[in-house]
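Should a chain be cited, it is by its letter among A, B, C and D, assigned in written order, with residues numbered from 1 in that chain.
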Amino acid sequence: MRALGALLVRDVRLAARAGGSAVLALAFFAAVVTLVPFGIGSDAKLLARVAGGVLWVAAVLANLLALDRLFQADYEDGSLDLLALSPLSFEGITVAKMTAHWLTTGLPLTILSPVLALLLNLPATAYTALIVSLLIGTPAVSAIGSVAAALTLSIRRGGLLFPLLVLPLLTPVVIFGAGAVLARLDGVENGAIWLLAAFSVAAVLLAPFVGAAALRLNLSE
Amino acid sequence: MFGYANPKRFMELSGRLLPWLGATTAILFAAGLYLSFTAPPDYRQGDTVRIMFIHVPAAWVAMMGYGFMALASLIGLVNRHPLADVAAKQAAPLGALFTALALITGSLWGRPMWGTYWQWDGRLTSFLLLLFLYLGYIALWNAIENEVRAAKAAAILALVGVVNLPIIEFSVQWWTTLHQGESIFRRGGPTISAVFLWPLFIMAAAYTLLFFTLLLVRMRTEILERRMRALALAANA
Amino acid sequence: MGARLRTVHYLEVADLACVRGGRAVFRDLSFRLARGDALIVGGPNGSGKTSLLRLLAGLLPPAAGTISISAEGTQIADREERAKFIGWLGHYDGAKPQLTPREALRFFARLYGTASDPSLLEVVGLSRSADLPCQYLSAGQKRRLALARLKLCGRPLWLLDEPLASLDASGKALLLNLLRDHLAGGGIAVIATHDPLDLDAARLPLT
Amino acid sequence: MAAFFVMGKYAAFVWPAYGISALGIVASVALSLRAYRRAKTRLAALERTVK
């Protein structure tokens, strides 16, 4: 366990440092959300209606920014070999990487989201739903993203292929996440948040094993 | 030779089977098309019902194709048989083709009803996502140089995809109820009267056989190409 | 955890074969190394030196043949089990550009579960640049950091891939000292290199 | 015969649907067969040079 903690602390430190992926993802998230009104106009009522969806899509895209090189940096500079030879199992490596990514990208995005929701005139009642849905949904993004990162780590320009692999698998997260915000907006209770939680729990529990299988195959061929 | 195991048996077997498979497919297509055009127009949809005879079979093969790909990937991963990887690799472009045909015919079929070519209806949206899953699989396979690693990575992706398909299907259906009412496909769908069952069934059989015929042809091509690579490698080693 | 592993009695390789990209790199390779033994693997590029080391490390599955370690009285052949005995020095040093040598060593100590030993930085001659992010270190300095990590993890079976690369004269002397201490302490080492290394070791030229 | 082509005023949808499907199927059959023939001849040529 100490080994897993060591890798987690190292990755959080690396991401948080200047030039690390954490700051980059936040800036990208803010940029995309700020761009939307220029596209669809500043009509407050319209913005309020699409705010939940826009914030959710922008959050998922911002998450992907840091995900495709989750393992690739270590693969290219020889660290992955050292991790493979450490007491840490491949499952442990994936858990550490997934958690580090969520702590440095998923969580900060969730914390920043209410501020950006102001820009989109999200009604006050929906703020808790936005934060809760992002809090529950972003771990699934980190989980599924880390599996795709493990699959594409040996591809030099895997960054282009990465969204294509991940986005179809993330549609349920966006549907239930944005759906939860919309449900709150319309004052209806349709269980979106519970479906999101179920999907997230499943993704987080299964990802380490699938990610480990992907790491093993990429290292042993 | 350490290189690629030479599946002599598969080549012989498929060589003998293909002519029969091709002939049967052609006959089924002829019969299916004849029945499709001689069936009476539907009392509600009129002649657009004929599009159903090529939309439903394409949709069926699109889904069956992904299931086949996932099964072949599982076999390839579990007992490392290279033939399973070849089958999975060659099933993908075919599956993608039939998914695209399902989307196009689906949109043409819905056009008279909806007034637009694209309607965010549950079934069509699911096929759009299925197309992305196919494209992701094909792209992943081509992006990795090392053949064995590509086969395994794609296999894992196919298995992750097939596990996610029902979830994606459910979430899209749930999502359509959120945003607008029923659509023609899901309001119990057009109740298919008996006279339409025969053309539908024969066309579905024709599409399925076509899938497997083309699959065998493409697998044989892949095997020949792999043998060429092995020879070329051995020649200048 | 690190110290306890010193008791590897021998490394046994029996008619090992390796296939890379559909081509047989080598086959029917057998040798046995006991405590204190070293093996220098020579041969031109592409003769499979790195592949052999990766096979021994358990990072690669052998196409044929077996590799087993006898440690603490048991025979271990499983790839991921064997990996826990390996001290690895690969082509790349695994130095994270944003981390400083001190932070890197502290990370490896916690990762490998061994006591962090800051004095190692002096031993390998990095005391002056201990707090400089690795991106500013020279290749030789990064290699010295890798040597410090190798010593720190205290693993009994060292696998070194072109260890002399980018090392200056004093670096070479440092490597030899570390190697001799390791072997004297009952460790085993397999070294893939072109350059002459005056170490009394068995030779295995891969054609 | 003309009624057949009008397709009960839905000709603009039925015929493109069949047309595109036919195009897709015929193209995939042709491409697959051509690729096979090309691979066969190139392999035969390579085997001759290697012998």
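The rule is simple: a residue touches a chain if its C-beta (ideal position, glycine included) is under 8 Å from a C-beta of that chain, and two chains touch if they have at least 3 such contacts.
Here the structure is a predicted model, which means the values were calculated and not measured.
More contacting C-beta pairs link the chains of B-D than the other of the two pairs B-D and B-C. Relative to chain B, the most remote chain by averaged C-alpha coordinates is C. Look at where the CA atoms of chain B average out and do the same for chain D: the two points lie 16 Å apart.
Between chain C and chain D the centroid-to-centroid distance comes to 57 Å (mean Cα coordinates, whole Å). The geometric centre of chain A is 42 Å away from that of chain D, both derived from CA atoms. Note: centroid distance chain B to chain C, computed from Cα atoms, is 49 Å.
In chain A, no residue touches at least two other chains. Annotation for chain D: no residues touch 2 or more other chains.
Of all possible chain pairs, the ones that touch are A-B, A-C, B-C, B-D. Listed in rising order, the residues of chain A touching chain B in the complex are 147, 151-152, 154-155, 157-158, 161, 164-165, 167-169, 171-172, 175-176, 179, 182, 190, 195, 199, 210, 213-214, 217-218, 221. Contact residues of chain C toward chain B in the complex are 17, 19, 21-24, 63. Put simply, chain B touches chain A in their complex at residues 129, 132-133, 135-136, 139-140, 143-144, 146, 148-149, 152-153, 156-157, 160-161, 164, 167-168, 170-172, 174-175, 178. Within the complex formed with chain D, the residues of chain B that make contact are 37, 41, 46-48, 50-51, 54-55, 58, 94, 97, 100-101, 104-105, 108-109, 111-112, 210, 214, 217-218, 220-221, 224-225, 227-228, 231-232, 234-235. Across the complex, chain B is touched by residues 4, 7-10, 13-14, 16-18, 20-21, 24-25, 28-29, 32-33, 35-36, 39-40, 42-43, 46-47, 49-50 of chain D.
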